[in-house]
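Next, two complexes with chain A in common: one pairs it with chain B, the other with chain C.
So, the complex of A and B:
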């Protein structure tokens, strides 16, 4: 379980630079959710037809086609965001294959582990955007629309957290907190 | 822009690893083993170069002008898959690499096809991207080997320290771009 979680986290690491705003995380989170659904359905169809030998190739074709369709929809709905995020949607499709290859015998399990990543990414991106720009944004056809804005943070905040370096620092801190919490919990459970 | 400029651009200024996330995972995984990294990176570079050269004409002369740019990622995956199979057969190692290598290769090739305006520019971008990943991994290998012999807290060891080390590499290379104090000072 631990190995699968780490592999899923590593597979999604290329998205770290893109998760600098909540709006970006909402778009990429939606893309990832759709890709997971398509992946699960494809895996079930493959096992029902009995084409297990061709499993990765068919799965990859399904994920890539879904990513292309998602990018087309993104271009129609949010053309400005599509310019920035199309590249990452395609990376997400290939990362999706890594997620499913972690436990190819149990696709639902791999997808359920990966699903935890979506709320984490939303919180992570919201924290970065708020600390950096003092606002939270959602996607709009004209670009981004601020739903929360704190001018004081916008003036005196640290845009460093929006950079890849800031994201890596925050990710390191999150992993450290998770490791510490797990160790403390196992210590308490042993004592009790 | 000159070829060398493009190499430096994607190795440092708009680092493929830090700006586009290409190879971040590979750096994290390979930083555990310098031997695997040194053996794998040249092959990754050659595979990426062959894939880009094979895809350049079909992409720029057929797919994009015909409005079929959404087919490009699928074409990239097919060509990369074929190149990797050929390399695996040639090297006699069918279990070579890990799944993250494929993600890195895909990111490098698609970045080269989308961002470049000439075939030489695409080749230079691939070289810059591999240089960016290589530099980051080498520094990370040194940081992790130093950390393993240190008295760091047990919860900091492993992934948290590797991520923070990557953040420090970013600051070391891109301080002038990332720092808020520079923009404050130049107001």
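So, the complex of A and C:
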């Protein structure tokens, strides 16, 4: 595995406990997307203006301010989710900073690797939530609202998948599926 | 002033402008969202408080228990029957299945009690189903009971 991929995975590891529901992944995924966007834009603005010496200070301020602004927007739109997730949004700012510091001369590369994490988070959280609680939730001002609900799984589901152990197990399964799919794809392309 | 000095002043000025614009944006956003946040949270937590203390229990203004720390930054004064008087604390509790929003009551004598989870979808209101077991709840109750309100010259 390349250095950037390992560092991005480690930077995002503290979010695993929060990725137990689709609604949480939607909020944290959009926060991470906005943070990466702000990081890339501020890096481009800094190099265009010629403030290369101030790059770390401005990037740090931009990411923490964006995370705080996101939390404030969350407080206005989804107040109950803001209580549960504001801590993790601030952790994301630190993750963003780590992602940008991996390769300071090639900011876009690190950010594009990190961008792959967002769809993964959504699928991962949806799988965990469905297997554990038998439902898929989205954020609402009143908290979480179920858009899909299977009462049988809700009653006899396996809450294990929502725990950190279940997350580890599921992440391993996802990596195996991805590797297997890549191997199959390369086999087919060689035969064709 | 030579060209080099003016270039340095320009760069530092721009850096300062960037940083101060973040501060202004944050202050403005905090000012405009605070009231909306308090009102929405009060409306969401009121049914949980009233389910425990009856419909006379009312949540007042957003307050802070000084010396309680950042984990307890969201608290409401509770008025109504004698047993309801105190503070309702809205707390992020991380159970086995991730974070959830919980409401605790702290009486005037400092006794803490778990009231329930808020914002959960129908059928998942039970804390046990969300990985928040009795051990986690009693740990939070102990933590809330032991808040030293006399610290920092408070209350």
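As a convention for this text, the second predicted complex is superposed on the first by the 173 of 192 C-alpha atoms of A that agree within 3 Å, B and C clash if a C-alpha of one lies under 4 Å from a C-alpha of the other, contacts with A are read in each partner's own complex, and residues count from 1 in each chain.
Note that a contact is a pair of C-beta atoms (placed from the backbone, for glycine too) under 8 Å apart; a residue touches a chain by one contact, two chains touch by 3 or more.
Everything numeric in this text was worked out from a predicted model, so none of it was measured.
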Practice task
With the two complexes superposed on chain A, say which partner A:171 touches: chain B (first), chain C (second), both, or neither.
Solution key: first
Practice task
Name the contact category of A:183: first (chain B only), second (chain C only), both, or neither.
Solution key: first
Exercise for the section: With the two complexes superposed on chain A, say which partner A:154 touches: chain B (first), chain C (second), both, or neither. Expected result: second
Exercise for the section: Name the contact category of A:135: first (chain B only), second (chain C only), both, or neither. Expected result: second
Practice task
Could you say whether A:40 touches chain B, chain C, both of them, or neither, answering first, second, both or neither?
Solution key: neither
Problem - Contacts of A:49 with chain B and chain C, given as first, second, both or neither - result: second
Problem - chain B versus chain C as contact partner of A:24, first or second or both or neither - result: second
Problem - chain B versus chain C as contact partner of A:11, first or second or both or neither - result: first
Practice task
Return first, second, both or neither, reflecting whether A:98 touches chain B, chain C, both chains, or no partner chain.
Solution key: first
Fill in the blank from the handout: Intersected contact list for chain A, partners chain B and chain C 17-18, 57, 61, 65, 68-69, 72, 87-88, 159, 163-164
Fill in the blank from the handout: Listed in rising order, chain A residues that touch chain C in their complex are 17-21, 24, 49-51, 53-54, 57-58, 61-62, 65, 68-69, 72-73, 75-76, 79-88, 132-133, 135, 137, 141-146, 149, 151, 154, 159, 162-164
Practice task
Can you check the complex and tell me which residues of chain A touch chain B?
Solution key: 6, 10-11, 13-18, 57, 60-61, 64-65, 67-69, 71-72, 87-88, 90-91, 93-95, 97-98, 101, 158-160, 163-169, 171-173, 175-176, 179-180, 183
Exercise for the section: Could you pull out which chain B residues touch chain A in their complex? Expected result: 18-22, 24-25, 28-29, 70-71, 73-74, 77, 81, 99-100, 102-103, 106-107, 110-111, 114, 154-156, 158-164, 166-168, 170-171, 174, 177-180, 183
Handout entry: Complex interface listing, chain C residues touching chain A
Key = 11, 14-15, 18-19, 22-23, 25-26, 29-30, 32-33, 36-37, 40-41, 44, 74, 90-92, 94, 96-101, 118-124, 129, 131
